[in-house]
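Presented sequentially are two complexes of chain A, the first with chain B as partner and the second with chain C.
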Partner chain A sequence: MLNRRGKALWSRIIQLLILLWSVSTVLFLLLRLSGDPALILAGEGATPEIIEAIRIANGFDKPLITQYFVFIRDVINLDFGNSLVNSQPALSFVLQYLPSTLKLTFLAIVFNTIVAIPAGIWLGAKPNQRKRRVLSTIVSVAQGTPSYVIGLVLIQIFAVWLGWLPSIANTGPGAWILPTATLAFALAPNLIRVLAANVEDTTRQDYYRTAKANGANPTELLIKHSLPNALLSATSLLGAQFAFLLSGALITEFIFAWPGLGLILVQSITNLDFPTVQATVFVVACLVFFVNLVMDQVFRLADPRLRKSQL
Partner chain B sequence: MINAVEVKNLKVSFPTPAGYSAVVRGINLTIKAGERVAIVGESGSGKTMLGLSMLGIQPTSAKVEGEVLINGVDMVSAPDSVARKLRGKDISMVFQEPLTSLNPVRTVSSQLSESVTRHTNLNKKDAAAKVLEVLTAVGIPSPAERLKAYPHQLSGGLRQRVMIALALINNPQLVVADEPTTALDATIQAQILDLLRSGMGDASLMLITHDLAVAADVCNRIVVMYAGNIVEQGPVAEILSTPKHPYTRGLLAAIPRFDPARPALNPIPGSPPQITEIVSGCRFASRCNYADHVCQAAEPAFENNVACFHPVIGATR
Partner chain C sequence: MSAEAKPTEVVMPFSRKKFAKKYNRSPLTLRISSTFLGLLFIVAIFQPLFYRVDPFLADLGLRLQSPSLGGAWLGTDGLGQDVFSRVIAGFRWSLGIASVGTILGGFIGITLGISAAWNRNRVRIVLSRIIDIGISFPYLIIAVTIVSVVGRGFWALGLTLGLVCWPTIARVVYAETLTLREREYVTAARLFGVTAFRSIFTHILPALRPTLQVIAAFVFADLLIAESGLSFLGLGAPLGTPTWGNMLNESRTYLATAPWMMLGPAVAIVLTIFTANLLGEGLNAREQARSTRVSQ
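Up next is the complex of A and B:
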């Protein structure tokens, strides 16, 4: 018998496999059914000889079902073929850009946390009502704004009008600020609201009343009693945000021409570079999977209620 | 002998659409050093609000008037910065639900030592020794092993012992215990009642309970509350043998062991007035067998330890 955690892990792995399989199959069909694949791969102006050579090299002359099995076998062997644009093996080409995307994601998480944790705590600890309403409104508006709008607004203000910050490419720390801020803006409102609600909720708990009954002052109540509980309840959101962040990072990369997985994905789709598209989707899906897995473990260790059983 | 607490004309009210409405309606109560006093009454009679407001930790919407004097400090009018110096030190409270009343993500020792270091100058090492000492005193087996435990890792009975340890750790002069055994199994209940009866050191006890049998088991004196008022009070033996207020008699009749002739529980029919209900006359009149026109006309004053126009004279059958 598997325990609950074992089961949860297996169901996650199965989800990942189904996702990878269906994405691969869709890409396989898209290439084959949208016309002559050899023609698409050869590009404009190719001679019939070249097209025929491509057809044979890729096995497009074989029956569809045979092609499919060969294709799936290659995917299982992590062989996605060569990029149609630069002829590098697609997977290793994509992996070169992984660190850059991770850097952006990591910076955004840090930035998000630095902004959202104090703001959420402050909002939840009931400052005077008007300030509270002002921040709540800002948070609601920010939450409803798509990240690309925020990105474009930030570029307009800081890069175009003020000229303070570069708006494209990874040209040094200055260039990190706008993409990171864009991503953090997309995440922070949610975290702020959840934290504020959590902090407020702790003040209604029995242990909060016990702490009061033992003479805790407002600062002690907040730091020693509200926060450990409020932050712990917010960690599951942080985990979900990391996964969301990756997809947000892809869009943001495109807006800021940041050389990462997102840019590669958009370019390869535009170029009909199917092997690269597939390798990118594969890498992103695995990344989300592992991030979720690691987050789960980290939070499990942080929460004593999940860590130990009855003494 | 000094008093542990003097409560003078204490009123606790909540806002309602029709203005403030009192759930504690002018309580006078003095608890002497070393005394164990039970506050008995049905659910909703204002016992918890009385206890919370004595510490000054009532819900924020509540309005509190009157005086609660502890060591010369009036907990009602003192600023919070003064009142909180007494909480957990001179007066402390044990709650009904030990699981939710302890912080779930902090260890037993950290919650106990927090209260010690807050109210004393003890260093970390001495505070740790104090924690171990009080855990031993409240009867926690192998206390050293329990220090690093989280509340969810302890049984209900041990958790309530930890709560009592927390209440006792700074040697307060008064511990308010609000239904401390209601959430526990019967056997564990008896053990905790033993602890409250004989393990409280020099602290006086104010035991809040809806159960007259529990009150009689643990305390020296019983105070009966009904709908926000004290309606009768006296030494345990007197309350049990010669209760004067019809409500007290009703409570007694509801306990099988005090009336063997009536084995089944006999709760008092009807229910107390709602918080918003305006009652002229005695608040118990609608449920009282002895009520007459006098009772409808005015509210009985508390005299000779009872608030009733027609106190019953003589022993229960």
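Up next is the complex of A and C:
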């Protein structure tokens, strides 16, 4: 048993290494293919002497393959070079912003759960009632609404018209509400629909029918027989959607000037600060990997059917 | 073995009568969404016909005008450009880039998905791992990074989005092909010595078509979101280009003074994405209806 789990863990770690290697290589190639990297690193208005100095300092005058090996060696040593904007080591600069992004995504997941679980259960329990159909139509429109539209509308209503909430930066619990709601909105409709479909599906299962025939009342049926299974697959969606959530965080952080990885990424791309870009993408890749790994382990513990299956 | 050896779907030459019959038998959502999306594409292609004024015409004397029936229908922006005309002009960027991205992503996804499912050995392991890794990574972050290097033109954006959207397509194609290749008619063809290449083109691809239509509609909707998102971040179309994302980004400066600047592009985005999603759901419903018809 332990042996099999150890094997599974190894294969995940190899996956992570492949992912990190391919992401780094793609970034390396893109930067080299797009023209003279020294020119990009030097920025606009640099004199030829400065460009030449940068070229030599970064080893761009050496053959491509040598550069590549030096680059890979540096990545293995977790050295991405210094940020071109503030001269701090890029990785530690990026890591400062990791907790802020984690806080945002965590709050969004909590918010999401509070809203989506009751709504999903309500929709799934009796899907053909008219008022529930209205809600499910609203949900499918909301599913297609991009988070930047939601964010702008929320700012317009709560910050500009009503003046209740601040719309900028991570300054205190009041300022958390709008970004959290925006990010949660990106995922909630999806979760509601999956949950509703799952609850509906459990009502067609044999064990549900047996319980019903044995005289269980509707509440008991819902809580004891439908929910455990439905929630399980809904949470697995949450795990799978973590990558999606990070894409959403990129936009949410930009709208609300929330100091996190997404904002850093956008800023460093705008400034052509490639060491920081590389470090950010590296951190995001590791983050996604660890979240997926943890979620997998959680499901193995939560769902007896998965314990025997591999990976 | 019965006469299963013919492909499930025979591609017919286009005939108006058949098209009308197919259209009338389709679910209502499919009819509405396909018609509406067709109209949007017509707007995108023949956009100059729909302009109120030139979308680039800046007149500082007319800046930040609120919407009115007599003047600018959706108001004007900070440079005095007409928001309505700019929203119309945005159709070409959004629909165009999303189409280019979907086609490229579809090509990559289908190729990888079928290759992963068709090979039984290491190739399958490696390819399916690549698909898994691709699917687990936030695509917007990759897109942002690629765009920063390759540039922000129409084709650069379309190709970038194509390069990031393939994993979902590949995963679906992979799963579907795995079951298809075990079908009797495919096995029979293999026993008769039909080459893999030919079998893929005559048996697998036609059978994949309904699934591909559904997934393409959803990917198209995702890419609409992504394209506008990139512009909104200031990393998509060049500044000043009339795209919905750019317009939304510009409107952030004027949230308090000119909230209408947001209205036009926001409604256009939501409407277009909703139509594309509806198309996907309609195609899906048609497919489900057909498969229950067949199994009965």
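Here is the rule we use: the second predicted complex is superposed on the first by the 274 of 311 C-alpha atoms of A that agree within 3 Å, B and C clash if a C-alpha of one lies under 4 Å from a C-alpha of the other, contacts with A are read in each partner's own complex, and residues count from 1 in each chain.
Note that in this section a residue touches a chain if its C-beta (ideal position, glycine included) is under 8 Å from a C-beta of that chain, and two chains touch if they have at least 3 such contacts.
All of these numbers come straight from a predicted model, not from anything done at the bench.
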{"item": "Chain A as common anchor, with chain B and chain C clashing or fitting", "value": "fit"}
{"item": "Greater residue coverage of chain A in the superposed arrangement, chain B or chain C", "value": "C"}
{"item": "Chain B versus chain C as contact partner of A:A213, first or second or both or neither", "value": "first"}
{"item": "Chain B versus chain C as contact partner of A:I269, first or second or both or neither", "value": "second"}
{"item": "Which superposed partner A:N229 touches (first chain B, second chain C, both, neither)", "value": "first"}
{"item": "Contacts of A:Q205 with chain B and chain C, given as first, second, both or neither", "value": "first"}
{"item": "Touching partner for A:A181 - first (chain B), second (chain C), both, neither", "value": "neither"}
{"item": "Chain B, chain C and vertex chain A (Cα centres) - angle in steps of 10°", "value": "80"}
{"item": "First (chain B), second (chain C), both or neither touched by A:L195", "value": "neither"}
{"item": "Partner chain(s) touched by A:Q156 [first = chain B, second = chain C, both, neither]", "value": "second"}
{"item": "Touched partner set for A:G144, first chain B, second chain C, both or neither", "value": "second"}
{"item": "Minimum distance between Cα atoms of chain B and chain C in the superposition (Å)", "value": "15"}
{"item": "On chain A, positions contacted by chain B and by chain C", "value": "none"}
{"item": "Complex contact set, residues of chain C against chain A", "value": "129, 132-133, 135-142, 144-150, 221, 225, 228-229, 232-235, 245, 248, 251-252, 255-256, 259, 262, 266, 269-270, 273-274, 276-277, 281"}
{"item": "Residues on chain B engaged by chain A in the complex (per definition of touch)", "value": "55, 57, 81, 84-89, 92-93, 95, 97, 100-107, 114-115, 118-119, 145-146, 149-150, 152-154, 163, 166"}
{"item": "Residues of chain A touching chain C in the complex", "value": "15, 18-19, 22-23, 27, 30-31, 33-34, 140-141, 143-146, 148-149, 152-153, 155-156, 160, 243-244, 246-247, 250-251, 254-255, 265-266, 269-270, 272, 277, 281, 284-285, 288-289, 292"}
{"item": "Touching residues on chain A, where the partner in the complex is chain B", "value": "205-207, 209-217, 220, 224-225, 228-229, 232, 303-305, 308-311"}
